[in-house]
Amino acid sequence: MSLTRGAPRADAARAGAVVLTDVVKRYGRGPGAVTALDGVSLDVAPGSFTCLLGASGCGKSTLLSLVAGLDGLTSGSIDDVERPVAMMFQESALFPWLTVAGNVELALRVKGVGRAERRRRAAELLDTVRLSGFADKRPHELSGGMRQRVALARALAQDASVLLMDEPFGALDAMTRDLLHDELERIWRERGLTVLFVTHNVREAVRLGDRVVLLSSRPGRVLHEYDVDLERPRRIDSTPVANLAAEITDALREEVSRHAG
Amino acid sequence: MSLTRGAPRADAARAGAVVLTDVVKRYGRGPGAVTALDGVSLDVAPGSFTCLLGASGCGKSTLLSLVAGLDGLTSGSIDDVERPVAMMFQESALFPWLTVAGNVELALRVKGVGRAERRRRAAELLDTVRLSGFADKRPHELSGGMRQRVALARALAQDASVLLMDEPFGALDAMTRDLLHDELERIWRERGLTVLFVTHNVREAVRLGDRVVLLSSRPGRVLHEYDVDLERPRRIDSTPVANLAAEITDALREEVSRHAG
Amino acid sequence: GEDAGGSEAAAEADASTASGTIRLGYFGNITHAPALVGLQAGVFKDTLPAEVTIEETAFNAGPSAIEALFADAVDITYIGPNPAVNGWAQSGGQALHIIAGSTSGGAGLVVHESITTAEDLRGKALATPQLGNTQDVAARYWLKEQGFATDENGGGDVSVTPIDNSEVAAAFDDGTVQAAWAVEPRYSDLVLKHGAVEFVNERELWEGGEFVTTHVIVSKKFLDAQPALVKAFLEGHLAALDFIAEKPEEAQTASNDRIEALTDKRLDDAVIAAAWENLSFTADPIASSLQGSKDHAVEVGLLEDVDLKGIYALDALNQVLADRGDAEVSAGDLG
Amino acid sequence: MPVEVKEPSRELSGLDELERTPATETRWGRFASRLWAGTWPKVLALALVIGAWQLVFLSGRWDPWVLPSPLATWQELAAYAATPGYWEAIVITMQRALTGFALSVAIGSVLGIAVARFKPLRAAIGSLITGLQTMPSIMWFPLAILLFKISESAILFVVVLGAVPSIANGIISGIDYVPPGWKRVGAVLGMRGFQLYRHVILPATLPSFVSGLKQGWAFAWRSLMAGELLVIVAGQGSIGALMQGAREFNDAPRVITWIVTVLVVGILVDAVFRFADNRIRSSWGLNQDQ
Amino acid sequence: MPVEVKEPSRELSGLDELERTPATETRWGRFASRLWAGTWPKVLALALVIGAWQLVFLSGRWDPWVLPSPLATWQELAAYAATPGYWEAIVITMQRALTGFALSVAIGSVLGIAVARFKPLRAAIGSLITGLQTMPSIMWFPLAILLFKISESAILFVVVLGAVPSIANGIISGIDYVPPGWKRVGAVLGMRGFQLYRHVILPATLPSFVSGLKQGWAFAWRSLMAGELLVIVAGQGSIGALMQGAREFNDAPRVITWIVTVLVVGILVDAVFRFADNRIRSSWGLNQDQ
């Protein structure tokens, strides 16, 4: 296991599936303005799995929506993103007028996939997220965790090369989460996806990521980057994962207490 | 540290702040009906802190809303609840037409608390959840974790003797969560609250609870009850907490895999 | 008449001692000139005792006036023959009486210049203001006499098409209709401004060249309860008619002033003068034409027969006329 | 220890006592009780109205030719409804109403979407839509005649001008209130332009659209009643014309007959909208709490 | 390596190109550019309409007394607007409209809440509301006269009957679509009956209420135009009476003058609703994505 404390990277030789350069994002104008991100530069290699960690409200969701092209940057640039990207939102944001299967199929429909194929793929994906029996339910008939899983299935259905995930497993019990970690890892490998993954669970970040990026709060900046060189498949309760997680947790704790102080 | 594997409790000598007897909850009718809870009996002592654990979709939110009196039981009874209870929902459910402070104050307003007092208490509570600077923002200007904290402040503002919390800290980073654990524990002690706390984080359950209740999935039943006799204040990363959590996790894992198998 | 007890009482009442309020209805229309002049030139005010006040209400259409009379919201109103007959029929002769004539003449058929003989009308469309109204009946009866078949649905040899007064000029201009049975001031307006040609003046069709266009009705309750006020009003009405006869120019101006007060709009002087020529203002209700028009309506199938006997209550009017030394008027068989 | 089966949501029940229907367990029993729950209030309301009417009539406050008795009106209605003219008028008017309404829905939807979509268009004519709505139908008659002479098209023109603004406004306000989160999901799913409308914005707008349609129907119908006076075409009577005719003749029972007819048509049409609305609400999970 | 400042949301910009206003940085600049963005489309639209009108006029398709030239109409309008009668009519009508509308809002709100609240009431009269809405104003005249004689109250009665159903329907459909989650929060906060309405249901219903108000205004205004023919007082022209007068006179420029006046009033009133709507939307966070 090797660990690289990420000094600000050299500007040269940047190439990747997602390249952020000095990204600044301010909400609002005048005295009430909030600077959510302040000069974030990040270079995400194609096919890599990057986890974002940071205190609540530090700008993680903001960063993802900038990468997805949903919001405008205040300054800086985001390059090399092959759009549309797939994205899983913090709130599951399912459409109430569609069934569970319909929500998943919608991602395929937009891409012009035929009806039979759509149905097959949706069933497959619902199986992946352990919701096979719920295809014909409506979102309001699901529990919070189930909804999150449907949103995951929808994001996977998009089959984009970049996958952005905003606390995707926050409402899941540990076991379901473990299962989905395995599934996600498998799909990431098979498809060669580039994943940007926001989480509050440091172990989860270490379990999944090639790299863990720590953001500071108000304004959001890149504080540290950790390369996770642990061999896969990893187990979330293995000692190496726990050790690295403990180290990162300390750094995070320091940052949060500095901020709170 | 002592641990009691909860055998089904004797029906005699039940008395508590919340007493559930053979609670059954079915959604829908006919062949599409879902039995969310099937014969749940639970006896929550006044002033106790009970954590509910269970797989995603096993009926935890359903149980809380039954206790809150928001939904009707299919059969069984729920007694001794002093209503209205305070409740924090899984989705933060803030009112978009009110500011952050307004949302918190609303809980006080309903109880007829005067304007100045309201303002003072709301400011205090926002301080407790580390959101002092955000009183005049609108919910849509907050991050997911911030919204959750506002919902917590609102629930605390209710000042009811029973507090139901549905994954209240799911969207928070570890540090903020630790801080809020301490705050919640303090308030629980000071006010002598009866807390029913749903979480997916087993350590969190052990960190906070007097008792941890494990629910099985489809149909939801009480699987085990663990009394947590660790001394307070506890630390979430202390060894006793970790050990008990590991044990509970194993039981949970067994249950989930049994169900998945 | 037997049914006109109120009218007899009114005849005997002393108008000079009348006091109270008369709620008077009228339309802002040149065919209601006596009302316009009476109100605008102060004739009513000058004639009626000081204790009598007139509360005026302008109406837009006959049914509203009848509704108001039924609902006891007006006491006396100027109105066309058709709504009066309808009101009489609907109430079984219990709601109203005609107490005086007001206006005669001023209607007829105007046609596109390409139509020179009656036969030219075959296959053409003829506008009337409204199915079953006075002009509609006149048009259908005349067409029948000319040997044309018509039906209520605009079919037949000549298509009789009901078109609202305010749209008839447009319909005439764009060729939707080639003829119109119209009433003043529309009649003169079509002739002077829209190139229409007079084809039949309705006067030619009636004995003596007179037929009722507007008359005055009173609610039976009011007639019974306030005979003196009715009589006093009739004095004012006659005075207005006198004013029109004596000072036609001033009467035209006063009428136009009142119309302007109601609509912010003056009639063209040429139109009003032409209309004036075509109208005559008289207290004689021309009962024979009311009866005739009703008979025609029954004949062309637009009306179930109603008995108009007793609709007129002219005793008071005749008393006033007698007091002035004028000739009395007759209700014919309908008194 | 006794196991009690409690009534649902005891705490809320205080509020909802009035809305409770007795619980029945069989399927048929549930259907019957729902039918009963939907019917008795209507019957009661009708009975109350007719009772009050009869009382007023008996009081003699108004003459019978002004306010006829319920019985006389019923006889008139029954006799009139037995004539073919009555039904022909309803058929003619309904045909016009449906044609005009269908046209209005098409035009209104396109207009609404266009206005909601393009800011300059909204700035240019957004407010005009409400302005047009306030224009009485009769003010369109001259224009209708100019454009279409005296014809069915002129009636349709008036109807369409009456209904389009409501329908467009319904869509516009629906689109304005689509939660931004859903649009973001649509954008992330790669939807652009038409697709975004097809799959996200229009479905999300549906509730508002339906309520716009309801208002649009009311406007269409009112405009039609006025418009039918414009053209009494090769003249089978239409409701508008016959209604006006009844008024011209101050025929109170006939007038009330037509009022009742129009109300019944309105109630039936409302049932259609209500059905659509209930479907939407139950599939969105909005009426689970009853 | 160059740092580029990019336009926001490039991917979405394709869709939104038309809506873009130039970015300006000063506060005054922003105000000016927003003003400009709101104004030029209106000016352009006006210019287009007048241009088209002038062309049709020049084509000679219609005689000038049928379709007057824009210039002649403008002269008529300007001359007429210089008379006090014009302004008095507007004042009289606006007073009636505002009184009637205020009354309708009060009655409509109470009715809407009551119907949404009590199932039997909804079953009894829910559908009737839409039925009433489709009743042409003139059919209420006899009843209005019966109840209120010829008076201002009769006009108000007609106006209120016109506007109440829309306002009630707006509230009903708003209440029906309140997300159940919010009601649950309210219940948990201990709200009962009135409090729940005051703090949760009514605020949540606001968007639908505003759009109901907008429709209600349109109905009120149209009913007023008809109702003003009930009471015509010499020398005190109201818009409805004078408009009808112009129609009777077939005075095309005067008719157009009144149409323009009604449109302008409608547009101004719409601006008020639009303002309310924008306030709601921005405080709810619904127009952040522009």
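For reference, chains read A, B, C, D and E in written order, and residue numbers begin at 1 within each chain.
Following the convention adopted for this analysis, contacts are C-beta pairs under 8 Å (C-beta built on N, C-alpha and C of every residue); 3 or more make two chains touch, one makes a residue touch a chain.
Chains and their UniProt names: A, B = ABC transporter ATP-binding protein; D, E = ABC transporter permease.
Everything numeric here is computed off the predicted structure, so don't read it as measured data.
J.: Listed by label, which chains are in contact with chain C and with chain D?
T.: In this structure, the chains that contact chain D and also chain C are E.
J.: Which pair, A-D or C-E, has more C-beta contacts?
T.: C-E
J.: Hey, how far is the Cα centre of chain B from the one of chain D, in Å?
T.: 46
J.: Distance between chain D and chain E based on Cα centroids, please, to the nearest Å.
T.: The answer is 19 Å.
J.: With chain centres taken as the means of their Cα atoms, state the distance from chain C to chain E in Å.
T.: So the centroids are 41 Å from each other.
J.: Among the residues of chain B, pick out those that touch two or more other chains and give their numbers.
T.: 69-70, 83-84, 91, 141
J.: Hey, what residues on chain E touch two or more of the other chains?
T.: Answer for chain E, listing residues that touch two or more other chains: 11-12, 66, 142, 146, 184, 187, 244, 247, 285, 288.
J.: Please set out, as single numbers or ranges, the residues of chain C touching at least two other chains.
T.: 67, 71, 166, 170, 174
J.: Within the complex, which stretch of chain E touches chain D?
T.: Residue list for chain E touching chain D: 11-12, 14-15, 18-19, 37-42, 44-45, 62, 66-67, 118-139, 142, 146, 165-166, 169-170, 173, 176-180, 183-184, 187, 192-193, 196, 207-208, 210-211, 214-215, 217-219, 221-222, 225-226, 240, 243-244, 247, 252, 255, 258-259, 262-267, 269-271, 273-274, 277, 281, 285-289.
J.: Can you list the chain D residues touching chain C in their complex?
T.: 62-63, 65-66, 141-142, 145-146, 149-150, 229-230, 232-236, 241, 245, 247-252
J.: In the complex of these two chains, what residues of chain B are touching chain E?
T.: So the residues of chain B in touch with chain E come to 65, 68-70, 83-87, 89, 91, 93, 95-98, 106-107, 109-111, 138-141, 154, 158.
J.: Sort out for me which residues of chain D touch chain A in the complex.
T.: 181-182, 184-185, 187-191, 195, 199-200, 203-204, 206, 280, 283-285, 288
J.: Quick one: which bits of chain A touch chain B in the complex? Just the residue numbers, please.
T.: Interface residues on chain A, with respect to chain B: 27-28, 34, 53-57, 60-62, 90-91, 130, 141-146, 149, 166-167, 170-177, 179, 200-202, 249, 252-253, 256-257, 260.
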